[in-house]
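Here the chain labels run A, B and C in written order, and each chain numbers its own residues starting at 1.
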Amino acid sequence: MSTAAADAALPRPARRRDSALRRFMRHRLAVFGTVVIGLLALACAVGPYLLPFSDTEIDIMQRFAPPFSGAHLLGTDPLGRDILARILMAGRISLSVGFAAMAISMVIGIAVGLVAGYYGGWLGTVLMRFVDAMLCFPSIFLLLAVSSLIGPAVGSIILLIAVTSWMEVARIVEAQIRALKARDFAVAAEALGASDARVMTRELLPNAIAPIVVAATLNVAHAILAESYISFLGYGIQPPTPSWGNMLDNAQSYLTSAPWLAIFPGAAITLAVTSFNFIGDGLRDALDPRMGGR
Amino acid sequence: MPDLPMPLDTRPALLAEDEVLSVRDLSIAFHTPAGALPAVRDVSFTLRRGETLALVGESGSGKSVTSLGILRLTPRAPFCRITGQVLLRGHDGRVRDLVSLPEDEMRDVRGRDAAMVFQEPMTSLNPVHRVGDQVAEAIRFHEGLGRRAALTKAAELLELVGIPDPRRRLSSYPHEMSGGMRQRVMIAMALSCEPQLLIADEPTTALDVTIQAQILDLLRRLQERTRMAVIFITHNLGVVAEIADRVMVMYSGRVVEQAPVRPLFGAPLMPYTRGLLRSVPRLDMAGRERERLQAIPGAVPDPLAPPPGCSFAPRCGHFEPGLCDAAVPGLDLARPEHLVRCVRWPELARNAA
Amino acid sequence: MGGYVGKRLLQAAGLLLIVSVIGFAILHMAPGGPLSQFAAGGDMTQEDLDRLAEQLGLNRPLPVQYVDWLWRMLRGDWGASYRDGQPVLSVIGSHIGATLELMLTSTLLAMIIGAWVGILGAIRRYSLFDALATIGAMVALSIPTFWFGLVVIYVFSVGLGWLPAGNRYTIGDESLADRIHHLIGPCIVLALVSTAVWSRYMRSSMLDVIHQDYIRTARSKGIPERRILIHHSVRNALLPMITITGLHLPTLLSGALVTETVFTWPGMGRLFLDSISYRDYPVVMGILMFTAVLVLLGSLLADLLYHVADPRLGAHGA
């Protein structure tokens, strides 16, 4: 309804005074996500020191111990290693890979988006067409193809995930910068003789921060998922280093006899990724009310 | 027996023979997070066959909500509450109270007994359906005609509203037509079932001045032909002078003045109406007079926190403390057929004379 | 219309060129370049390798090699599999059917459920159903497909014994019923993410539409609510979903690869993984290029379809 009815029905003067933090706190799922990630990170950081088992301790007598029935809370794997200890150690790897890959992909994405959005013209066109072309490759295919060519070290996995997931960020930043550039303050700063780099980083980027923060959060979720996919398929983090994905690598063969091998690591991935997605959603509502409400 | 109050819904639902519509104490309130928001308060008026009533006011005055509320096109029950009576004479001669009518019977009234034309011809037609199908849709539902027969009637209607080559135009899409043509389509659609009442919500506001004149002319011609009653909502007093028989001025959800068009323009009683009239340029104004054109200072009050007393008081040049802000003034019958809501009107009328 | 199609085709061709450059670059990242499999084999001396490189023109400047490679690709000469010497395109051709079968059925399933959930969520906005659907979609987007596949196998194959745990059909039984029986599990697994995507976009598209003026117009005509919903709201809200379906294609392909792996479904995704483990680079690179071209053509098709379906753009063109 675009008439006076809507105008008259919807003045909410109280809303304008809300801070971003208060809006975020009202988003119950986002708060839930933050708490879960906090607890998960804490457990992965200190948990391994508190458990009576190490993640590498092989105990042939205790192979396939079922969960919740003895010393091993979440049971043991085919080598008798404690699943809980492995999940916590794997969490360190998976979460770190997620954050590191996000950080690198943000740097690439922001740089490309800034340059393309600020300079525009043929340079912007070429860069954005390159982004379009990269997005034509389905991510798992690209990840697997390249990971089969390079060594499967943790560092190269991080780099690989980053290199295949910066494009959305570049698009978001480019669109924001192009819109912002047309507005007065960028023109004013330019007229005052500020350098291009200064206008970009001091005037334009801070004004595009809201969608960037949201994209960063969602990118962590994406990176954790990507790592789990390629590790599950055997081209990611290599055993004996545990990751949530490679813990599931052999789980399918034991699905009948030891389903807990599959259930717990998968639940950890789902919990972490869901939490980051919830946080991203809450941040979107909190930082940019215009984008929210849908 | 005599001390029993009469239950509300047994009030006689009667209209005089030539009356089409009678709105009695119509109030519409929206439910918002900040509390109930009264958009329309105690609006009453009647409309005779062939008569045109202009509803005038700034945006936010409640004029559009009133028109939507008559057909219950405002949001549904928990979000919006409608009270009072809206008595409408249907095509079968029966009088119904639209406020208490069940939803499925209400659907039979909409588009058949009472139809609406909206402000934005650009967005009021569905972009993915052909114009012919959209005009024919109501005919098919209300008159039970088949698609072909309904389309034939739709073509006649398009011709009636002055669209050239109507048969071919049936298969056009809205985006292929100009704004004026689309508004003609909207009018054809509204007239498709020969309604007793046409509500036109700012039908010419979005159009060019020359097109505006054509559309007004069309509406007048059609009204002469069908003898339908018209509620014409506008903020343009020039249009009012051209088309209306009577004028109802609304401010902040209330009727503040109601009169036939001549006395209202000739001797307005409410300071708000005078302000409105002063803010309109007129062709007969000489150069110096033109310069005295003035907008009313201030803005429409916040409906959630209305000022005490007369809601126009904070913007009124004749505001008198202790008098105007004491209580909401009643609607006085100042002269025959001339209602005004202002405690100082007798005084002001004397001074003006 | 014609002008738009021409412009869009030209754009797609330009994009294809950039895609091919990226593909070529990845091909040359392989250790030892396109000859790595011979080097890895170990039964060739460095001299043999050099001679082979010269024969294949690998000592020419890269741009020349690229043009040559592109020309061969365009003619349909995508090289031969190291494993059995078959042309790459025919190897892909013999596996694409299974993948398309899986992708199409799961997309259909996702459209039906997702659209329904989205529509209901929009017309009952902020209801309990809407809240649960929103949370459900977020969780569905966060579940790793392979894990969901394992859960489905565990519950329906291991536990209940209702569904086969993998493969496209029982050997010796080629009946349609048997094929459908095998399709159910992977179809549900692949449809999960698409359903979530459809429900989210359909909801927001519906919310856009039901607040439009023309819905109020339809209501003012006294049209029954049901007809307004189907004929005016859903009809219009479905239009942008054409674009969404096109944009979703890369995710769908990735999901298909994982689903095929879990359910040992003999499609292109499994072929890709097998080829990687055999270091069959011509097939790996061939499939990589093939999927990129598929995505490109998919989004081109979606755009053209949108222009046909939306009268504002179709008949008279923008």
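As a working rule, a contact is a pair of C-beta atoms (placed from the backbone, for glycine too) under 8 Å apart; a residue touches a chain by one contact, two chains touch by 3 or more.
Per UniProt, the chains are A, C = Peptide/nickel transport system permease protein.
Here the structure is a predicted model, which means the values were calculated and not measured.
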item: Centroid-based (C-alpha) most distant chain relative to chain C; value: B
item: Dominant interface by contact count, named by its two chains; value: A-C
item: Centre distance in Å when chain B and chain C are each reduced to the mean of their C-alpha atoms; value: 54
item: Between chain A and chain C, centroid-to-centroid distance (C-alpha), Å; value: 22
item: Computed distance of Cα centres, chain B from chain A, in Å; value: 54
item: Residue list for chain C, restricted to those that touch at least two other chains; value: 213, 216
item: Residue numbers of chain B (touch at least two other chains); value: 120, 123
item: Overlap residues in chain A, where contacts from two or more other chains coincide; value: 1-2
item: Chain C-touching residues of chain A, taken from the complex the two chains share; value: 1-2, 29, 129-130, 132-142, 144-146, 148-150, 221, 225, 228-229, 232-235, 245, 248, 251-252, 255-256, 259, 262-263, 266, 269-270, 273-274, 276-278, 281, 294
item: Contact footprint of chain C on chain B as seen in their complex; value: 71, 73, 107-112, 115-116, 118, 120, 123-130, 137-138, 141-142, 173, 175-176, 186, 189
item: Interfacial residue positions of chain C with respect to chain B in the complex; value: 212-214, 216-224, 227, 231-232, 235-236, 239, 310-312, 315-316
item: Chain A partner contacts - residues on chain C that touch it in the complex; value: 14-15, 18-19, 21-22, 26, 29-31, 135, 138-139, 141-147, 150-151, 153-154, 158, 203-204, 207, 211, 213, 216, 249-251, 253-254, 257-258, 261-262, 272-273, 276-277, 279, 284-285, 287-288, 291-293, 295-296
